[in-house]
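Both complexes shown next keep subunit A, but they swap its partner, so subunit B is in the first and subunit C is in the second.
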Partner chain A sequence: MAVKKIKTKDKHIKNLATIVGDASSILYQKVDLLAYECDGFTVYKHSPKAVVFPKNTNEVSALVKYCSDNQLPFLARGAGTGLSGGAIPLNNEVIISLVKMKKLLNVDLENRLAVVQPGYVNLKLTNSISDKGYYYAPDPSSQSCCTIGGNVAENAGGAHCLKYGVTTNHILGLEVVLPNGDIIELSENGILDVPGYDLLGLLTGSEGTLGIVTKITVRILKSPESKQTVLAYFDRVDDGSQAVSDIISAGIVPAALEMMDKTAIEAVESAAFPVGHPRDIAAVLLIEVDGIAAGIDEQINQILEVCKKRNVREVREAKDEQERASWWANRKTGFGAMGAISPDYLVQDGVIPRSKLPEVLKRIEQISQESGLRIANIFHAGDGNLHPLVLFDARIPGETDKAILAGSACLQACADVGGTITGEHGVGIEKREEMRFVFNDEEIIAQTNIREVFNPKNLLNAGKLFPTPGRCGEIKQVMKEATTVS
Partner chain B sequence: MSLREKDLGKGPACTTMKSLSNYLWSDHPDEKKWADCTHCGMCLESCPTYELTGQEQHSPRGRVHLIKSVAEGKLEVNSHFMEPVFACLDCRACTTACPANVDVGGLIEEARGQIRQAMPLKGWKGAVSKVFLQGLFPHQNRLNSLGSFLRFYQKSGMQKVIRKSKLINIMPQHLVEMEAIMPEIQPSVRQKYKNENVIKAKGKTKNEVAFLTGCVMDVMFSDINDSTINVLTRNGNDVSIPQNQTCCGALHVHAGDRDTGRKLAKQNIEAFSGAEKVIVNAAGCGCMLKEYAELFREEEPEWHEKALLFSTKVEDISKYLHDTGFEKPKATINKRVTYHDACHLAHGQGVRNEPRDILLAIPGVEMVHMQNSDRCCGSAGIYNITNPEMAGAVLESKMENVPEDVEMISMGNPGCMLQMAIGVKKYGRNQKVVHTIQLLDWAYQKEDGIEGKDIWQ
Partner chain C sequence: MIATELLINLESIIPRERIKSGQNQHHHLGNNAQVSVFPTTEEEISLILKYANNHGKKISVMGGGTKRGFGGLTESVDILLSLSLYKGIVEHTVGDMTLTVKAGTTFYELQEYLAKHKQKVSLDPTWPEYSTIGGIVVANENGPKRLGYGSSRDVVIGLRNIYPDGSIIRSGGKVVKNVAGYDMNKIFIGSMGTLGVVSEVTVKLRPVAKYESLILISFKEGSIDEILMFSKALLDSVMEPVALELLSPTLSEKLTGQCTFTVAISFEDVESSVHYQEKFVKGIQPSGTEMDILSESEAQYFWHLFYTICPNGAKESAGEETEAALKIGVVNLNVLSIIKESQLLQDSYNLVVESHGGLGHGLCQVILKGSSQKVVLAIRQMRETVLKLDGYLVVKHLPFELRQKVDVWGGKPSHFFLLEGIKSKIDPQKILNPKRFIGGI
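== the complex of A and B ==
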């Protein structure tokens, strides 16, 4: 692109542009900023002050220091595919976009690790090492475009986290720019810092409120020798849920165990990657096992048996890699597919004990009826991670609020059975208030106290993750008392 | 601690929408198209301009968001809005990636229509657009004259003189690059067959088809049109070339000139009204013909139904041959070939395997996989002329994916052929750029013992 000139009188914009070197690395015109007013969570929209594109850690550090010194709110953004609003500039933030820091810095097969910049896209890592027989395990559905930096911020999960764990289980080291601009390195050379506090664990999933990650060392795994996938159709959701419990009880640890209900099937079959699921089915299970080739057949047979016992209508194995891939494409584009049956959707992210699946699904059905809004369910059934998708039309006055309430009620239902409010999407803006379903005031204060240490001015991604005092007088009061005491 | 839990003022949930659209002309961007977009971001990595800039206003979902924002009254139709909308290659890769099948290309074209009405092109850009889009492409006789001139330019020695004298360098760099790869111009098939109602099938007639010869194709690549006719007649098709057919209008619609697009669409729909099958060998044209109905959504709706019917008859040559069957050539062409998916064939028409199957049917052809074969080459109609810098960057990453050890790059679109030929020359490569059907025709010719093609040496 041609070299642009800065056309503004705003001194901050001029200074930020100087830090990143040229005018094509900063956006500040209204139309450009509008493209950054939300991420994958579209219920709230706010325009940023500017978007800057640093090329290296030093530039990130300089930008952060400038913002901190000048009391400018700021936040980090990757591909902006987050589903809880973590990258929405609620306070007219300066957005530090990390998409130009997208290099794969090092692959060390011997020590099974890779070093990437935060803007590196998740799936690219697997694609670049698969020919050598390795892969990166965390596989959020958006893996073809989401960045590993964003995955660290949200502690992203994915379909295969049942067996392999979420992002935090795969992070070996981080370089972080703290909210004052200081650069720290956590666990160098892939050797975990065992002594001292587990800062790596703290930073992972901190939703961009404690620092900005600028370099990530991740664990890579040997690709399984063999994998097989089974599709099972059930006429009753209860039977499908029971089958999920039975599979786990049988001692099988599938690599993935996914479920979609009737409304979700309607969406994926109306969208871009249909595979011919029957429309009249109550639930479809997608079950994948992987590992040493010798054990696969036995596990598959066990799974087929369990499904038959639970009155499965039809159950079959993928006949080839192409069919397996088509089933996964169909599943992994499930959220976006909602666009084909509804103008807007809001996806929730509750976690429940597996045994409570039928009970919670019934409650969600009730919530749908009470609110008059359709709710589709796509979930990682194996680890009890539900994704109720509330379908609505933002153009109808009041319907967005209704959807927010219905989503919140779904999370309440999860919390009521001993579950929690997020498994992998993060709290962001969306679930701030719902934090109170699972934490009491003291527990929330214990957490905000930690943020205070890292982010004392609260300029970095403020207003996310915790309930806002504006809407929660009680907490505000308690917190005031707590500070007076300290 | 004063800032500890700064009261942030919760933003209102966006339940209200301004009814005041800033699209002031009819035929405005279709709300139904953006209603399907959930802003999930699955399109991002498919987009060449996002890949290069990393900026979301240059991404599919960003553009959809901006187009929607104008309808919601949050943005004006002005030069700031124009930039991202016109920087789109219209390559449709996002449509393939999108889980909800959002027609981003359609929205972009509709938005360009609004922009061009709000801010008509002025100065030299306006003049160039007028000369080429309105003054040249829609007029068969002028295209013929251009062809004659280019032939004269090549044959008379003028080309040599101009190249030698460096006079050529007064043109912008990308035009110099284009001149350098200009194929040898042959007489157009429209002229050649102007007195023949039907070119009869060799042997028994199985089907009757009508052939859209295209404008750029027939001037620059009339040999490919010849090949197309040879291949069709050899496989039992009577071929007619309706003489009142015209330019498909794709370049006009891409540029936001939807009025001319409609004019050309109507002329073609009429010209081919007697045809059962309309065969196209240029992906960009085929895609446009299939989408004519979009032009008549609001304007002249009485044509909408006719356009829909027409679109069902249109088929790319490779798909048609593949589906109706074709004779496997017996001669051998020992070449290593890679295939480039033209955007408007792969993303626009969903034709991916058919051309590959045709190539594989030629004895001796060894297919070599190209990484990201369905990534745009940067030609994108006249994008390489209007946005040379971005087009150049897109071409560079395309060329990085062309395998080193192949002798030919095959494809199904003339724009791509010109662009890829520029790439081959610019990056010091030595591949021959061919049309899929051309290669099939050469195999037939070799089988028939026709001399004169150095290709199978």
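== the complex of A and C ==
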């Protein structure tokens, strides 16, 4: 093995390099660490101590044990696409990157499961089984690069989670390295309901604060026999929102039910995948129904009826797979498309009861006016998961702060109608304080008590997810000082 | 006499007419108590817990009592906390398809109410007239339609949990998608009441299917290979059965009159889709088998019967025979081995053994009836078989006395310290359902 030389006196770096075999599996020099200062949440940055790239579970375990024994803070990182700052090394952490653990370990079509390493990229799984008529359901818009390990940590969702559920509904088993280095197996062979408290469910969505996931058994599904997609344009947002409610009330369970407002349409039509949405409409709905072919027409007809009743300007079905794919590419690249109309943007992730959609959209409009910042809305309308995108220009002094405040106000609006502050992107650093919008102190302590069981030294991904009592002022200050934005 | 002080103290929390002493002391399924209380408000529940926590009293929590024979190595505790009067719909927003309900509401009452809105909770527990939603969630009870609709962990979006210190801790929320903080709902689901008392459950609802049918295929020859081939063909197709359940000959005889291995396939969708799928199944029907298609009310009647096959802990007295129910989890297609083995147990131990298992989800239920000694031996043998398949076996129903002889939960996992850790953070005095759960938790 060609051994690169370690050029540092730091004994920890040397020891960590020894664990992962050689110097090519560790980064520790300032320039190399720049890319790891933040994830997809770019408002806040901090330098890690080092980044290590283990190749297997034993190496992860040894690294973790070393960090734990030496009181070194550490955290796991997948593709770094997280949008709430979960992988940002707030405490100068050693970053354990899982990208070298990217194998598909096993596919068992008969029992409908697959086993992957945590660094395996989400979309690759579907791509590698689609020829046999199977797929992996959770489909975050970032699926072409985010890792399944990161998906487990964030309990990622996606457009098609309305019918099929989010990541947690598809996780059958996990191998986890605990913060002391112990390796545990939760439902090794994917068997359901193993006796004991449901740690599988608890670990999923714990944002990398309870353990590092090193192997994942997921459920795979048979691809539906048929799919049909409908596009509907509305002149009034209220009509679009009402149509969403009516479709669901009609007893239809669409595979996806997405909505974009006027500002969002302006962005996606100015970006890489325009499809010709009229620029003057207030809202577009993208509705997909899938399942047994024989039952689809009936549901599509019902959807067309509903839209007409709600004064739709135009509604049509995708004429072929190519058109369907272009509609989805247009939608799934929606966040990035903001770059075409604004230097910077901040994505929020509130959830509301569907019936409150018109009310909350009005409130977001008000927040936009009050802050003087444009807010685009792209959302999973079917499950009430809103993504207000606050557009701003970080070069203008004070705008970053304004954007953060506007984003927080949107979450308050969601919480006020009985909703929540995050549906799929996680709390991370970004929404720590907003946790108080939905949980009281006792409820937050109930959760940190659980963290103590797994992560008693709090060396693993500390400072995430929960507001720090008495530190609110300090955090606001840190946010203020942050200047760099994507 | 010891009860006197307890009674006096409880009377300061809850009216006398909702306190009963004596009544729940000698049930053969155990989980007894000196005094039973029937709170009607959350505040009462909270105060009872707080009292017990401060005075070292142990509590057994009960919903409808159907799972009284499920775990528990303490014959009798101080207080039996019944949630049977804590019932009713708290909030139902029809258009949002979410509902909050008090824990003591029976599943039947809940579904009857929802049916008026053409909605349902997509769980299928046994004994719906007796089982309460709280008990179903906390014991993680579900049936064959799990294949299509998932279980409590997929359906529950929020809980109100009353901790032993009396504090009310909400987990989750009221919206269908939520990743704020840890997914605490998950640790309460299936916790057997050892962490807190669930007072309210919020669930996401589904529309009642526009049409349903049930196909019964009886395999006359009884060849396991044939069933396996058929199941694989169906599972590898684009059909969308909500249940694909293998019934043992003994169970099949009881439910369908045919003493053969029988596969029950349930479809729920718009009518045209259901008929299309029926046609597909006819197309792959193995020769030498018989097929019966039950639609709508006939299918519903079958399921109605199906949900009464399991022993019901809410029944007052023991019958002549010992009854046991097992929950077994294996990798999906290993269900065949389990159901076959259970049929063999029937002959080798001279028992009546009825069993079924989901070929698409791997969970089985085995019900045994006969002499207590034979039942115990058969459970042990079954566990050996299950362990060879890397599965688990949990005893869901067994008289108290026999629970001393058979480990209800099987061994402890290597990460047991985490389970213990969670328990001791939430219930450090161990007042709730003592020794009811895995490893003596």
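Just so it is clear, the second predicted complex is superposed on the first by the 465 of 486 C-alpha atoms of A that agree within 3 Å, B and C clash if a C-alpha of one lies under 4 Å from a C-alpha of the other, contacts with A are read in each partner's own complex, and residues count from 1 in each chain.
Basically, contacts are C-beta pairs under 8 Å (C-beta built on N, C-alpha and C of every residue); 3 or more make two chains touch, one makes a residue touch a chain.
Just so you know, these numbers come straight off a predicted model, no measurement behind them.
> Look at where subunit B and subunit C land on subunit A after superposing the complexes, then choose clash or fit.
fit
> Which angle, in steps of 10°, is spanned at subunit A by subunit B and subunit C when each chain is reduced to its C-alpha centre?
If I round to tens, I get 140 degrees.
> Based on the superposed arrangement, let me know which partner A:I364 touches: subunit B (first), subunit C (second), both, or neither?
Neither: A:I364 stays clear of subunit B and subunit C.
> Looking at A:I303, would you say it contacts subunit B, subunit C, both, or neither? Reply first, second, both or neither.
Neither partner.
> Figure out whether A:Y44 sits in contact with subunit B (first) or subunit C (second), or with both, or with neither.
First partner only.
> Determine, under the contact definition given at the top, whether A:T204 touches first (subunit B), second (subunit C), both, or neither.
second
> A:I184 in the overlay: touching subunit B, subunit C, both, or neither? Say first, second, both or neither.
In the superposition, A:I184 touches subunit C alone.
> Give one of first, second, both or neither to describe whether A:L27 is in contact with subunit B, with subunit C, with both, or with none.
first
> For A:E452, is the partner it touches subunit B (first), subunit C (second), both, or none of the two (neither)?
both
> Based on the superposed arrangement, let me know which partner A:A394 touches: subunit B (first), subunit C (second), both, or neither?
A:A394 contacts subunit B only, not subunit C.
> Upon superposition of the two complexes, what minimum C-alpha distance (Å) separates subunit B from subunit C?
Nearest C-alpha pair, subunit B versus subunit C: 14 Å apart.
> Can you pull the subunit A residues that subunit B and subunit C both touch?
452, 466
> Which residues of subunit B touch subunit A once you look at their complex with the stated criterion?
The contact residues of subunit B facing subunit A are 1, 3-11, 13-17, 35-45, 52-57, 59, 62, 65-66, 69, 74-75, 80-81, 83-84, 96-102, 389-390.
> Considering only the defined contacts, which subunit A positions touch subunit B in the complex?
By the definition above, subunit A touches subunit B via 1-2, 27, 29-32, 34-36, 38-40, 42-46, 51, 53, 79-81, 90-91, 97, 99-100, 102, 119, 121, 142, 144-146, 271-273, 333-340, 343-345, 394-395, 397-401, 404, 448, 452, 456-458, 462-463, 466, 468-471, 476, 479, 483.
> Going by the contact rule set out above, which residues of subunit A touch subunit C in the complex?
Residue positions touching the partner: 109-112, 133, 154-155, 157, 161, 165-166, 168-169, 184-186, 188-202, 204-206, 210, 222-225, 245, 248-249, 251-253, 291-295, 298-299, 351-355, 380, 383-385, 418-427, 431, 435, 438-439, 442-444, 446-447, 449-454, 465-466.
> Which residues of subunit C touch subunit A in the complex?
Answer in residue numbers: 93-98, 118, 140, 146, 150-151, 153-154, 163, 167, 169-171, 173-187, 189-191, 195, 206-208, 210, 232, 235-240, 269-270, 272-277, 327, 329-333, 360-363, 390-392, 394, 409-410, 413-416, 418-419, 421-422, 425-426, 438.
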